[in-house]
Structure formats: C-alpha cells, structure tokens
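First chain written, first letter: the chains are A, B, C and D, and each begins at residue 1.
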C-alpha cells in the first residue's frame, strides 16, 4: 500500500531520568519516523526545571542538527512526530505543545484523534480560552488548566477530569518539570508502551524505539490508565473503569514497524500470519508471489510459504525517492508511481503473478501496479489483500481521505477487481485478523462500521466535516 | 553607536483594502527591518475571511520566499518584525500572534513593552488562561477574549477595556476578518502612523514604509487612541483621556530610519540639528569631523556644517558583514569591531579628529573606535555624543542591557572620557533634544529617570528582573 | 553487506534525440543513484549546440532542483553519479567533465578505473597538458585532444587511439554537439547498455533506468566496442579485437539493482540462485532464515526456499537514516549500526538463525549483527555468505578499502568465524557464481587474484598507492 | 551610480608565511567583496605542500562556513572574489584555478581582462591544450605549462614568457607549493599591493584589506613586475621594460573602497576632491546637496563643502536589500529602484537639489532618481557627475554593458540632461581627474577612447563580441 490515502497521525516518545534525555528522544523519534514525516519537536526539562522546545516542519533529521540538539539539556524530555491531516498543516500545529504558566510550565504530545473536540473547544472558548492551533490536542491542555485553576488540588485530578471529558483515540504524554504522565484512551485504540533504560524510563508509541536505545520493555499503558513517572518510579491509576482493548487493526496491518510488538504480538509475525491465512482463504493458481514494497513484504512471504510458490522481487522500490524529488516534465509527473516502483521484466515476463498488498484505499496505486506488471509481461495478475475491504471512514486518527474516495465503500469485490484490471481479487476475512493477532478485540470500524465510541454526529456528517 | 546594547523591540505594519495585501506587507516589513532582525511574520485574511500565517526566525528576506508569500492572499494583512529581548528568543515569540476562536479568529502584532505584564499574566492564569509564549504581547489577547466571552457586547469595548488594563509603551495592531484596530499607548511612547494607498489604508510604525509603497501619510494615531479601519473608512476613538505626548527620544536619536517623520519631525533633520547644537554646546579645536557609521552620519554632518570643519570618511563600515560572517581564529574574534569598521589611515593620520556618535551605552565600542583612530595615527580624538548620558534602564521596549552595564550610570563625564581614552568628551544637553525636535514633551527617562508611567516596582527591582 | 568498505565508482547515463533530454537524464541518474551518492552532474546540448553543465556534491535530488534543471535544455544530454574513492573528493572531480575547445566542446562521463593512469598522466603532463582534477577520467580527454590536434582526421579515430592507450575497467560516454560515443573496456569489466526511447536512444550503466523511462532494451555495448549514436542511428565499431567478457562478479553480487539485467541475466535471479546453491553447498540445522537488508534479501530468499526454512524479518532497517542523521552522544555514535539495523527480539528469541549476507569485507558489520542477534536472544547464528571470501584488492573501480583490511585476506574461514562470533560460517564456491550466472567468464580477481589486465606494478605496490 | 551596468571583474588576495593563512584570506576576501559578489574561492597549501581548494557561487559569507574553512590549513593561501561578466557564469569559472601536475600543483587567481585571449587560446588548443573554463584567466596557466614542459628551466622564466605573451589588464597571483608570484600588467591598469603581516606577507587588490588584518603596507607591485614571495622574502623582477602607469580611472571613481589607497592616493580623498573641483567647474544655484548612496557620498560632501550648501540625506538606501529580496507583484518589480532608494519628502520638498553621482552609464537609474526627487517635491534637480561622460567600452575588465547602451556615447550633454529630466547637468572634466589624483597618467579610455594597449580588432568589432 503506497497510497498517500492512509496515514496515521503521529507518534510520541518520552524519557524520564536518563542523562542526555533530548538526545535519546531524537533517536526515539527517528525510530518512530514512519508514524509522521510532516513535522516533529522535542521539549526538554533542564536541571533548573526550565522547559525548552525545538520544533519544525520536516523529518527528524531535517529539523534537528547538532546545534539545535545541543540547545536541549536535561534528564527529562518528550517528543512528537507529526503526520499532518486535512487542514492541519503549519508550524503552529507541530507538537509537543508548550504552555507557560506561573504555577509551572507543562508540555503535551498527542497521538490520535478526539471525536468530541469541536464541542469541547467551543465550550472552552465561550469560557474565555484562547486557542493558538487548530489541533485537537490543545483542548486537553485547556481542560487541565481550567480545572487546576479553579481549585488547589493536585494536578493528577485535573488530568483525570480532563481525560474523562475527552472521547476518542489517544496516547497522551504530559510533562511537568518533575514528571511525565502517560495516558491512553479507555478503548485502547492507540498503542503506548513503557520501558526501562538504566535507572530511568522510556515511553513510546511503539516498542521498536526501545530496541534502538537498548531499553527493556516493561509493559503497555493499559486502556483508561494514567501512568505517572517520577522519582517514585512508576505509579498507575485508572481514570475510568469502563475500558476495552479495541486496538486499531490498522496498526498491525499497515502503520507500525514490523519490528514492533503491539500488545504482545509482533507486527511482522501478525502480517506474515495474515499472508498464510490469506492463502488458505484465497489460494491462486500462479507461478510467483510478489509483494508491494515495503509494507506488504511480510504478508507476501507468508503467502509464499503457505502456498509453496516462490517469492520473487517482481517490484523494486527506489529507495532514494524523497520529498525533494522533482518531476520535471508533465508526462513524468503522471507516472509518479513508476519512479518509486519498477516492475522487473525479466522476473515477471510470462509469469502468473500473485500480487500481495496490505490494503486498498482509493485503488489508484493498485491499478497502476497491476498495469505496470502487465506491461512488464505478466501473464496473469491475482491480487490478494491481507485485510478486509475498507468501507468506512476512521475518526480515530487514521487519515482515510474522505468517505467517497474509498473504492470499497460503494463497490463490490468484483467491481473493484474490474476497476483494478486484475484477473482475480480477494480480501482477507475479519475473523482472520483476530486469528492472526490471537486476540478477541480489535477496532475494525473501517471494515465493518462498528465504532467503539460515540461519534457525536452521523458518520456522514462527521465525514463531511473533512476534519478527519 | 554600533553596540548591541541598545535596540528597540519590533515594528508593526498593516494593510487594509488593497489587492495583494500580503505582498505589500512584505515590502513594508522590509522597510522596517532596522527595528528588528530576529524574526518576522505576516498574517493575511483571504477573500473567505480565513486567516493564514507565515512566520520564522531571521530577516524578512530570509523568512519569505516566493512560495511562502504566494501562500498568502487577500486585501488585509498585518506583519511584524521582531527584535528579540532578554530570554525571549524562539519561534513561539515571533509575531503576529494568531488566535483561533469560534466567534472569529484574530491576529495581533505589538511594538513596545508592558510594565504591568507580570501582574496581569499571573491574574489571567489564575483564571485559567493558558499562555504559549513568554512575550508580553499575548496578555492583551487574553484580556480581550476574557472580556468578550463574558458578555455579548461589540469587540471594540473589549479592546478598550483591555487597553485600559495594560500600562506601558505600545503600538498594537489587532486584525479580525473584517477590520484592523490600530492602538497606541496613552503616553504616546511608541510611534504609529496611518497612510492612504489607493482606496485602502496603511498603518506603520514608521513613515519610511509609506514612501516605499507610494502611500500618502494621513496622520499619526494619537496617544490613547484606537483607530478602526474597515469598509466605513477610518474611525477614531479615545479609550482614555489622560494622555501625553512622551515620544521616546531614542526613536529620534538612534532607532528610526533617517527618512521617517515622527510626529511631524524628520529624523535626519532632528539628528543634524543635534549635531549643530552639539557644536554650539561643545566646540572642539580639531581638523576633521568623523561620524560613526551609519546612524551618526546626520549628527556628524550637522557638527561639520556648524563648525566649518570638513567632514571626512575616517571610518568605513564593511557592508557585507551579516549574521553568516564567521570569525575563524580566536584572535580575530576578539577584533570583532575591526571587521565591521576600519579607520582610514591616510585620512586620519596626523589629524585632530572630532568623533561624533549618537549615544554611548556600555562604552565598549566607543573605546575600540577611539583606540582604532589612534592606531591609525590620529593626533587627538575628541568624542562628541549627540545625546545626554544614558543613566537609567528603559522599561518601554528599549533593550538597554542591564543597569550596571550603563557606563554613565555610575561614572562622571570625566571618568567616562578617561575610560574611552579620548582627549575630550561632551554630551548634548537635555534641552537641546527638545530644541532639535521643536517639541516640549519627550520621554527622556533613560537620561533623567522621570518615567512617564508607574513601574509597579522600584527601578532597581524592575531592572533585576532582567525582563527588559 | 552494509559495510562502507565495498563500493563501486559511479554510473553513467545518456540520452540522444529525445525532447527534454536533461529531465530524462535526471530520472535516469536517480535510478542509478545506488552506484554513487557523493556527487552528480548533467551536461546538455541545446538546440544551438551549446553545452551547459550543472553538477554538485550530494544526491541527485539534492543537487538538482527545478531551477537548476530548467537551466538545461535540448535533445542530448549525459549524466554521471559519483562514488568518491580515496583522495578523490571535491567538486572538481564530479563528472561529467566538460572541455571547451574551438573545434567544438565535448563532455565525458566515466565509470570504472584505469590501471595505467599514472603513467599516461605523467607522460601527458610532460607534453604540456594541464590537469584540473585528480580523477583518472580526465586522462582520456587529453589523449583524445592530443591526437585530434596533431592531425585533421575524424574524431572517431582519435577516440579509438585513446581507448587503445588506456588499460582497465570502464564504461565511457563521450558527447559532442552532435553525437554520443558509448565505449566499453575490452575485458567487459563494467556494464553499459543501450535502449530505445521513442525515436531516440538511451545509454545506461544499468538497465533498471530503462524501465523508469519506459525505454526498450536493445543490446549491451560489447567489450572493446565504440557505439556511435547520432542522426544516422546506432553504429558500432571495435577499437580492438582482443576482447573477453570478464564482467565484474561484484556487479551481480552486490552493486547492481536487483531489477537490472546484466548481460542477459537478472540480478535478483542471480542472487536468489546463489542463495539456493549456498544452501546446497552449506546447509544449516536451524529454525529461520534472516537476510541482511537490503542487498542480501534475494539470496536469503533463495536459501529459505531451497531449505524449506521460513524466511523471517529478524533484522529491520531504518529507512530514514540518511547523511543528515547525527549521533549526538558518544555512546550512541559507537552503536552506529544499531541505528540503521535492529534485531527483532520477538522473532529471533530462542531461534536458531541462518544469517545470509552477500559478502564480507572487513567483517566489522557482520560481527555487530551477529552480536545483535545474540543479544536479541538467538539460540544459534549460522552465517552464510553468498559469495567466496574476498582475498585481494580490486583495481577496476571497486573501492575495497585497503588490502590489510580484508578479513579473509589473511584469515582462514574458521578464523573468520571465530572473529565474527558465529556458530558456523560458510562461503559460496567460485563455481557456484558461474553457475548462478549461467556463464563461463567473470572477473573474480578479488576472490582468486586472477586479474584480467596487467596491473603495471605488483599487487602489493599497487595497493600501497592507496589509489584504489 | 547604482546601475548594474558598471562593474569590475574580481579581486585577488594572498598570504605567505602566516599561521592560519586560509582564515586570513577569508577576511581579506571579505574586505574585497565589493569587487565581486558572484563567486569566490580559496586555495591553501598545507604543511605537506598539498593544495586544497574550496570555491562556490555567492558571497564570501555564503560560500564559506566553519566546516569549509576548517578544511583548509597552512601558512600559504590565495583567494579570489569574482564578478561574473557576460557569458561567464557558472562554477567552472570561479577562481582560483587549480592545476594538478606531477612536477607540482599550482593555483592561479586573476583580476582584469586579456585582450588577446581569443588568439592565444585558439593557438594553444591547436597545440592540444584542453580548456575547462571559458575564463580568459586559464590561458596564462596553459602558457606557463607549455613553456615549463618543453625545457627544464626554472618556473620564473616560464612565467615571464607567459606574461610577455598576454596583453591587457591584470593582476595575477600564482601560487606553487613554496611561493607566491604577484604580477601586474605592464600598463599598470589594475592595482596590486604588498603588505607585511608578522613575519609573512600579504598581497591584495586593494589596501583596505590590509587594515582589516592589521597588516602594514609595503609597496605596490609595479607595472610589468613579478614579485616573488618565499622564504627568501620579497624579490622583484621586471618581465618587460616598456611600462606605463595607466591606472584605471574607474578604480578611483567608482570601484575601490573609499578607505583604500591606490598608488599612494586615498580613494575617499580623490572622490571628495572631484566633488570640490566639480563645484568649481559647474556651480549650481540650489539649496541642498544630495549624494547618491553609497559610492557618491564622498564627492557630494566635497561639493557641499566647496559650495557652502548643506549636505542633506535626501536619498536613503535600504541596507537590507540583498539577492534574496523578491519582488512579489509585477508593479513592484518595475519599481526596483524605489525599494533600494527612497527620496525623503520632508527634506526634499520645495528645495532646489544638487544631485551628485559618480558616473552615468545607461542613465536608467539617474532618470528614476531625478523623477523620484521630483515626486518627493524637489523644486529643481541639478545633476552633477563627478567624472566625464563615458563614451567608449572598456576592454580591461570593467563590465560596461555594451557600446550602444552608453547614454553618452551618442548623446550630447544637453540631450542626456533632457533624457534624465534634470534642470541642469554637468560632468567633471578629464583634467580635473588628473588633478584630483595628483598624477599625470591614468587610463581614461572609456572617456576619450585612448586605449593604452592594442585591441587586436576595431573597437566596434571588439565590442560586438560581447566579450566585455
């Protein structure tokens, strides 16, 4: 799946109690770079409790250089990589947010999406709050402050109240001059894991960042939980008890790095297993298996091993494609995909190909790949998708363009097949997803429309907002 | 005066009702660049009432390129150039500020300094307001919003109330989707002028920006006045009636561009007149007059014409010095000034020199220049300063480092002369300043300590804050 | 193989007779980027026969932007991507070279290495030639010009004579205002292929660039051949008849892109076949097969399929690592490889791993990977290398650091195994290489020391030069 | 004079025998930046005799950063700032040139223009020389090498022969691993001075660079002289005895920095004297004197002092204009000059203005300034030019666009006046130039057509070449 149509918003990463914390966050964000390439930032707390922030638009390696990193000091820091969703570009929306307050500054980083954001924001504004970004993440900060201001109770209660007010999918890191609070939504839609590094702690959207730092995985933050990290160590507290484990299936299928473990299940293994199950559910009479690089590699190998058909490198990705690549002539611009992906004639020519991809959003890319394989001489192209058809928009932070652009929303599998120009097409079943993850709960709302939270409006209305 | 010790915070510029307003603001900010080189930004309102902001650290020509400017559209825009004061660096403090609100977004740009900022901010925070910058300018926005939120009265009343709450020196531009409000402090400490351009209007910290655009000067915003610019034209309203005309003398002496007119008096003419008066008050038996480039040129010419001594280019400034200049070897780094300024041996050798400068802050630069002239062979060096000795800190937006660094704060004129190594030294009298400007009111608090507003603490305490 | 120790110098690409030729060369160079990342350049001939060059240090996407590309026009252009070898950095060595001459300018791009370069250069200098680069490629231009100057014969004869004078490995593109000459060394050590695009022609170091442009492969330039491309079409001519087909084995094993065909054999297929043969020659009693990304993937799959052991993603590469990545703390700097590669604990833990790599140069990287797998919990690590041990330096353009750094030069297989800390180690046999390529000739001098050309000094002396 | 029509090519700077020589050359080039802003470079010789070069397009502060400068080491270095003349852009023409040769590398930097360049180059090419730039400076290197190659005599003889072969205006620096040769053309058209710095030496196009480094002026290189600088100290040798002292008058009038001394005469003093003489030759009945910033300031002051009319800052230059300034709207683009220069209404209004400029080339800028002053309300504008009318092209390195564009070439003074829209116009006489410089020889060919060297073709033909 190389469409731009499917992207998650953001990754968060934090360090508590380790020397050179900002440097470590730099490494951590770099490991989470696949979760957001539009902007990133780090807030560090120095030895005097002072918070400093560096942020910018672009990749971690573009935003930070030695000068910038060396301006950050201390043993605590949090960071954020951002994928910019509709209407939300611009530097002001790049996180972490940093709020200056005479009772103590605090910083906030957020992965996910709040479904009752509009309501909450309007309400806060009516009470005199001023918003500086169009990001839904800022609302939580205002909720916390409103609550802390009106009474002199410990901040943890204000955070609890704020978290109970918001609805949706989130992993929040909140940092004060002394501690980091790691919070997860009550449905467990977004991942957030805790690790140990020396005498300190690490929090990360994905465990792949732990390996980079040599940190040891301790446990996941539980749905509905606030984990406080400070000199007392780790203390957990539930802010609600109506919780579920509806982890976003797309984390397994597409977003997460294959070397991450999400709630105990390795992502590569999950994908490979979907490939095996896909073969069982939809075998194909073919000569070779070809995966769409890079995210479909694991599933394709699973299909290959289960089927006994050889895995061949029928598609090659140009790894030097980046944002600075320009498409000088118009004709070339239209061939966008060809620059990134090439079909290998010598491998494909005369062969019946099983093309394994992880998902189909708009279908544009799949159509181009099928046609590219045919031009390269493929005798037959059998498309196998390692997930069910995406039929519904997501309101929890996955940037599934707009409802009408989902090819499977209004088309049958046979119609989609025809549209792609494939010889056959099959999707994985929903049950297979649960089987691959060896779990009973998952959010598969984009496949079946069963949203685990209220949406505060109809799916059609929510989708029209273009907010998601 | 080439010390970094004396700098003003910021310039503001706005356009209402002219096509390509953001482009014109770009030109306007460029003309105001001397008022702040640390950062700049533009907020524009497009045809649909949507506000877009571009801002960044650096010069106007560094922050904006064609791509960025072409992202801004519409017939209304305001902009800001920023000089970063103590502790206030960083992108979050670069203006204009932009606030998103469901009753309508609004933008704000500010030149000056609020003396009761700490008090107001703490109070607002206690009421639940969240601040994102450490700039004093953000406080006005919160004041306005707090007031607008609690009652459904027109915004102009909220602005009035907010302006009455703040104390200090300011020129504020506030832009909503329909109008621009131009406001000036009741003591008239900072300049703000209005001009006409075609069917629309221009507001600027200095009139030099009008000439660039071909705009016609209409009038200054009066102390204590809010001028509303919208499709009704220009409407003025006093938010208070206890006003004075204490224009900052430093605007005339050092900050403003020589081609600006401040409250009816041309800056170059003012400076030349101080040079003439300086000769009358303190003639020198010498051969040539040399001015410190660039800001002291006018005063030096006045001195030369009044004295009949020839003006000679005894000091030359390297105009290619910029922020990217590096000082590779340590020895060179120490000679910082020599890179920017050279004494011209052939001109200076054997001559008795009158060195005219606009002001002395720490005295470091003056000392280097005197010694540079002596090394170049000057027989005598008579220093003449076209303003009185600076003895007190400024709390109105002039970045006079800290109290203790002011060489004239604790030293007599004779002690300063000895410290500079000059053969003689004289300062201009306070009366001469008023005479040069042909006016009776001016803020000369940095010379005589008569601050036109309350300071909310003792001068010593205020100064210790390092807030100024 | 992710060592920096093994790199080839350069790729060349040319277009004749196609509109927007410079744009197409941009695409072509981008497809050849893996052959050189240190610098690149394009020379284009416009409609008036004028040659313009743009070149710079960095990736194709870094050197060229829209402004720069749009400065190049015409239907003919050649380009070059450069890998900087020892001592040869700097802009002056970035190609194509461009020579201005009153009989017509000409440009030159070169992939490979000339073994009698020192001799020829000294000789030319004694005759008054001035060299501006330290690149061996400039010598050919001087040879051609010396010869053309002394007699008024057609340029093709001068080129023939020059090519007969140089010894070594090369693919040369020479462009005049009318034609492109594509030349290959008589031993056929470096690849060079010709394709058709519309009414024009394409020449490229690798065929993968043809697919990107939609060009059709015609044939390879033969060893010892000059192919002239102009309005007469394609004309070939042998400059010598003592030719062989000693294609560099490393092109197949490591350098070339898997989707390229070299002399009729697909690179991925070659590698996969080496993986199969490697299993036959050296099976391992293990649980999973893991390849070192990216270049060893094909071989690892071959091993997996032949052995029936599942292929698992036990190592993951961070695809956002680039040259701007910084290693802030010293401890991190030493872990260089861990940033690029991570071992996946959940996959590796408790398993017996067959680790397939394409080659071993210094052994440093292999050692780190083995240890990384063990730290991740691998029960056993069996290293299998899909090529023979590298024992000798290369003088034909492969940057095999220096002789003494080759781990297999002085160590037995068992000693290398011990040094890597592997449970077992096996290399592919030389015969298997020929079998995988289904060919009888290959240059495998780096494995067995049988250099296909004279070296003009002893291997030891040549190596000491540090020229290679 | 702010036209782009009049520019000189280049400045050269060298250091021998001083630690951190490349750093010092950086400072020196920076002081010579006004002589060329298109590109610059430095070649340094390290302790092992190895030459390294860094060069690039742009200002000294743009091309060099700390990384680049720290790559250069040693006690010898030469540098160059380049003004790009017609057709001569591009990195390949940026100097110093560096030639690699087995008898020793050498570097070369050149200021000026060779009039028999075409002839010499064609001849050298016919003998087999290969040129890599289109710069006339490369020809000297080839001449030297051809001569050195054919016989084993000391290099100084080869340099002598080469200098005798070239005709035109030049200051050449030639650096080998041991010494620097500083050479000047036999007519002394371009300046070149030698200074002492500690135990070493400095060579520079202008003496202003000496002051920056604290170097002591020793003497000028004489016309027709080669000065060799090495561990023996300074040794001079004439390569010809038919010499003159035809220093380019434009160096005094416009190019050189006011703080430079050229052949014993300070440039500011020269200009001020021309202002005085201009008043004597052409007084004006007016109220104020206004100079065109920056280069006409000295002359305007001279005029003011001689006339007793006050000097006023009627025109102000925006010092933040740089190459990154963009002109967003078309209308603005046409007002180019207004952005750089503003007329100050308050000063100019109702006044009769004497506008002093240093020279007129095309007249475009002067016309705009006159009209700008009138728009600002000037009652009368009397233009006074501190040099004679430019009537002829220059072939010695001054970029006087093309013949036909010289407004004074075909128009009488009265016609020019009318074209400018001035109330009166007067130029300085030729005699006054000699008087101001207190010298009897000067090259004033652009005023009177008496070229001090043969041109090798008619003025018309030479001019048509567009080479100048």
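The criterion applied here is as follows: a residue touches a chain if its C-beta (ideal position, glycine included) is under 8 Å from a C-beta of that chain, and two chains touch if they have at least 3 such contacts.
Fair warning: this is a prediction, and the values are worked out from it, not measured in the lab.
Chemist: Can you list every chain in contact with both chain A and chain B?
Modeler: none
Chemist: I'd like the Å distance between the centres of chain A and chain D, where a centre is the mean of that chain's Cα atoms.
Modeler: That pair's centroid distance is 60 Å.
Chemist: Between chain B and chain D, tell me the centre distance in angstrom, where each centre is the average of that chain's C-alpha atoms.
Modeler: Going by mean C-alpha positions, chain B sits 37 Å from chain D.
Chemist: So which bits of chain D are touching at least two other chains?
Modeler: Within chain D, no residue contacts more than one other chain.
Chemist: According to the definition of touch, which chains form touching pairs?
Modeler: By the stated definition, chains touch in these pairs: A-B, A-C, B-D, C-D.
Chemist: Show which residues of chain C lie in contact with chain D when the two form their complex.
Modeler: Residues 53, 55, 90-92, 97-103, 121-122, 125-134, 141-142, 145-146, 149-150.
Chemist: Chain C touches which residues of chain A in the complex?
Modeler: Contact set of chain A toward chain C: 20, 22-23, 26-27, 30-31, 33-34, 59-62, 64-66, 69-70, 208, 211-212, 214, 257-259, 261, 266, 268-269, 272, 294, 297-298, 301, 305, 310-313, 316, 318-322, 324-326, 328-329, 332, 335, 338-339, 342-347, 376.
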